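Naming follows writing order (A, B, C and D), and every chain is counted from residue 1.
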Amino acid sequence: MALTIGVDIGGTKVAAGVVDEDGRIVEHLLRPTPAENPDQVAHTIADAILELAKSREIEAVGLGAAGFVDETRSVVRFAPNLAWREEPLQKKVSDLVGLPVVVENDANAMAWGEARFGAGRGESHVVCVTVGTGIGGGIVLDGLLYRGRWGMGAELGHMQTVPDGRLCGCGNVGCWEQYASGSALVEEARRMARTDPERAATLLEIAGGTPDRIEGNEVTEAARQGDPVALAAFSWIARWIGQGLADLAAVLDPGCFILGGGVSNASDVWIDQARESFARSLTGRGHRPLADIRLAELGASAGLVGAADLARRR
Amino acid sequence: MALTIGVDIGGTKVAAGVVDEDGRIVEHLLRPTPAENPDQVAHTIADAILELAKSREIEAVGLGAAGFVDETRSVVRFAPNLAWREEPLQKKVSDLVGLPVVVENDANAMAWGEARFGAGRGESHVVCVTVGTGIGGGIVLDGLLYRGRWGMGAELGHMQTVPDGRLCGCGNVGCWEQYASGSALVEEARRMARTDPERAATLLEIAGGTPDRIEGNEVTEAARQGDPVALAAFSWIARWIGQGLADLAAVLDPGCFILGGGVSNASDVWIDQARESFARSLTGRGHRPLADIRLAELGASAGLVGAADLARRR
Amino acid sequence: MALTIGVDIGGTKVAAGVVDEDGRIVEHLLRPTPAENPDQVAHTIADAILELAKSREIEAVGLGAAGFVDETRSVVRFAPNLAWREEPLQKKVSDLVGLPVVVENDANAMAWGEARFGAGRGESHVVCVTVGTGIGGGIVLDGLLYRGRWGMGAELGHMQTVPDGRLCGCGNVGCWEQYASGSALVEEARRMARTDPERAATLLEIAGGTPDRIEGNEVTEAARQGDPVALAAFSWIARWIGQGLADLAAVLDPGCFILGGGVSNASDVWIDQARESFARSLTGRGHRPLADIRLAELGASAGLVGAADLARRR
Amino acid sequence: MALTIGVDIGGTKVAAGVVDEDGRIVEHLLRPTPAENPDQVAHTIADAILELAKSREIEAVGLGAAGFVDETRSVVRFAPNLAWREEPLQKKVSDLVGLPVVVENDANAMAWGEARFGAGRGESHVVCVTVGTGIGGGIVLDGLLYRGRWGMGAELGHMQTVPDGRLCGCGNVGCWEQYASGSALVEEARRMARTDPERAATLLEIAGGTPDRIEGNEVTEAARQGDPVALAAFSWIARWIGQGLADLAAVLDPGCFILGGGVSNASDVWIDQARESFARSLTGRGHRPLADIRLAELGASAGLVGAADLARRR
């Protein structure tokens, strides 16, 4: 049976694994990322691949990396967390390991993993939204991963949600990820805890008394204990998540959405509100099926599995 | 050489034409639309097809209709301008003419016509935006028309642009077409002419003195004569057009946009501003190519030509 | 004891009454308004005054009228519901009745009535907001009615709430009264009932099945019966009412707000949410007292009583 | 002739001066502010007063301080730049100097100075807006300084301009000063310079090549040299300044606005656009006079002069 290797290149760790045709991870390993040095990153990746390839026949390798990957799936044009600028990653790694290599945007790889082997199994049109610090996106259309003309499609977090809204690290204002991400959740919770500490009593207690120490986990725990500020912060992002999915449905009309990322671990608190917000904001509702909103199933390995499978279909 | 027939079914006229493989219209005719009676519409369409098919061998027929067309390209679920609800148009017409028939959303058919034979020739990833009374959209991805899971993709005019913004006929608020369409242009021009008639002197003169008589043509003519209110109204929609294209680029990363519809006839007044607004709102600019923004080339026949070609590729 | 007459000039009825120093109505009468003819309106007003003045000694007369009243309290510059343009109402009526006359904006007269004898008794700084079809406002500062430099202060309904928001009859966009009035309530309820009829089942039943027949009373009744759409419509305006009051507090720092008008009759449904929204949106909260939000107490006679008292203090 | 002393207490300097009845500064001196220690601040202020009072008979003292001052003009409840919380400043200084003392919010003192002796001479209804790092405000109504019920009126910078807009230091979002202040100008200029460095070439050259080094002076200089990004940043704040003034006119209907603060030093670049934005956003325009928008005339001494004069009228 044909095996491929998937590699998920993060800012702190490189995760690599051998994956079979059914998306199962046969073996895997972790390495720290030497983030400052592009050449060392390539060598770290190659070492991991070679070690996994020692005892098995490997057909190809898929690399998932945060950043803009060009349409030939060879070059990382720009990566926010690594020192890559126009990095010819495909060639470097391929030369080192002697195997066919493809490079994919990490959110695309995750989307593909989930669409093929996770929550989207059997669906032909899937939009995957990773709600973490920011928002990542991956799109599967007619059963194929969609990359865009220049490999830069599915930058979903940067649709504009609020004109003249909050400043985004991308240089624009009002981007979706400023309203519907884990960062937005924390910022809103801190803001309310500062101006209304009594109402945020539980949340502040959990956070050790200081608004600045509130992080996502604290908001989640406080929400589960009924803290009104934590619940309001989740309601707020849920409204915007639902609105953004409705906008995407107006453009893409997918069969289902898959929500992943850290914030989806607290989905019990907010997913119903996001579904309601989506249903109310969907244009043409009543005249069309309502796309399913599902939670990701593969967790942290979605990207690795997706990258490996995309290498098989290169 | 294989010929197909394209039919563009409007609220007042049915336009039908024989189209060759190069997108040229060999022969065409017009019939009034008996809009209130679905069966008569089907007969009118069939009569037109049969007349065109008398003297030539026709391979298939493509029908373009405003409305939600299902994913099997057979049934019109809902049409705003005709009395269709779950209308089995494909079967009705096919039974009457004895030829293979496909039904397409009219904006999709136009997009395909432009992408294949018009402004998008040679491009693989094209987003076509028809800026008329409202906004229609059609998307070509990897060289194929994109329809969505249930045939309802590319409802571009109903992405939300302004939260709690203007009411839209679709039942939502803040839809793009409330800010970037011909109706939006006229509404804004009338509003400013009412509250600042001196500044709108030229525009009001062209409109016979009455803000309520201002229509798109009046705004265009006044803008070309330098009327500051007409120019401001165009600037206003140009800003929103550019912003919406940037949002679409974040999702779809197309190689080019094609702008059609009535408002594009006045593109000399506003297209530069729309391009600037797009360039400034595009996420990741500086790290990616800037998609071209082009004007449609086929005019009113784009839908007919597109429907005919889609029938050929059925 | 000195008596004055107050007159409330509405689009359909003229209400006049004799008012004592404690704001009590000693006698009153109603006349239909001959709205199309300014001279007849003046005569109708004068006749009512003369009839009331027959049996009692009257010191002065106060007229309350919807519209822009100039800073000398003599001329109605513009009235939306009557045929007045630069109408010298003070002089006309004064000449006919032979008594001192002052003209006041009707919302100002109401605010004064409430501040002196109603919900604002004992308060020196009061902002009165009439939430009806639109939003009217009156301001009492340091114990005096505030009129502005040219008599046009307190047009509270026309602060901008949403940039590029809904169109307002005043010619601007995004005005507060497009979000926080009875019209806004009805529009939002109809919109949701149209796109989500199942959820609005109770509301639609009350309205006889048709979204277009939904008026304020229907939304109120449905909300009291727990209809989710009616409740959502009230929540929506309550949020904006609270936000607007917070904006006014940033400027005026009043001791209390008084809410009147038709929508306040349903205050049981929404007032708590408006108070919460106010408290959360108030700048500097925690470092300042929270202004009271009270309901008007004088009902429809506030304007008449206020106009009469303002005549006494002319 | 009666003389009073005005003191302007800033975060770094204490400015004190003897002021005559015509608002002229007869003598003045500067002291560094010992900002961390409230008692030392009081002593520094008292020392300055005593020195000025040595050779002249002084009637009273007015202190202007950034922060919330209570309605008795005695206590500073909260000051952002000094270590004051519920500071009984009036009593402390009065005890030390043996003269009548009043405490005023610094923006109120400035507004009074300008209204009485500067750009607002002769006007009865004046709204003063200080456009600096943030926005400060002072209001003069019917010839008197307006303080609000609890001394917290005229916090003009914290009216909400954009719902769900930018985060403000006050804990709210979308505050006017996030859109219409010097900070907003700099933030917008930096943002555009980062994403479009070519267009901002002049601005970046002036700033030494680095967006982060762009401050207000750089934007002003670049705008005067025609840099398109600097001009766009000024246009952007001018639009919001005008809109906010229109909102204030809807509430207060002043006879004139006075604009002061650091950004007004570059008024040549933006004041016309602010006036246009105001005129277009004013409700009821055409039916009312247009309030004048003037520049402050007294510069940095407005607060000192105003505080001194308010002490005279205590």
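Just so we're on the same page, a residue touches a chain if its C-beta (ideal position, glycine included) is under 8 Å from a C-beta of that chain, and two chains touch if they have at least 3 such contacts.
These are the chains along with the protein names UniProt gives them: A, B, C, D = Glucokinase.
What you see is a predicted model; the values in this text were computed from it and never measured.
Q: Measuring between Cα centroids, what's the chain most distant from chain D?
A: Checked the centroid distances; the maximum from chain D is B.
Q: Consider the two chain pairs C-D and A-C; indicate the one with the greater count of contacting C-beta pairs.
A: C-D
Q: Averaging only over C-alpha atoms, locate the centres of chain B and chain C and give their separation in whole Å.
A: Using C-alpha averages as centres, the distance is 46 Å.
Q: Any idea how many Å lie between the Cα centroids of chain A and chain D?
A: 46
Q: Please compute the C-alpha centroid of chain A, do the same for chain C, then give the distance between them in whole Å.
A: The separation of the two C-alpha centroids amounts to 52 Å.
Q: What whole-number Å value describes the gap between the mean CA coordinates of chain C and chain D?
A: Between these chains, centre-to-centre, one finds 34 Å.
Q: Could you list which residues of chain A touch at least two other chains?
A: 162-164, 171-172, 195, 285
Q: Can you list the residues on chain D that touch chain C in the complex?
A: Touching chain C from chain D are residues 68, 77-78, 123-125, 137, 139, 141-142, 144, 146-156, 158-163, 170-172, 175, 243, 246-248, 250-255, 281, 283-285, 287-289, 291.
Q: Write out the stretch or stretches of chain B touching chain D in their complex.
A: Chain B reaches chain D through residues 163-164, 192, 195-196, 280, 285-286.
Q: Note which residues of chain A are touching chain D in the complex, please.
A: Listed in rising order, the residues are 162-167, 171-173, 179, 187, 191, 194-195.
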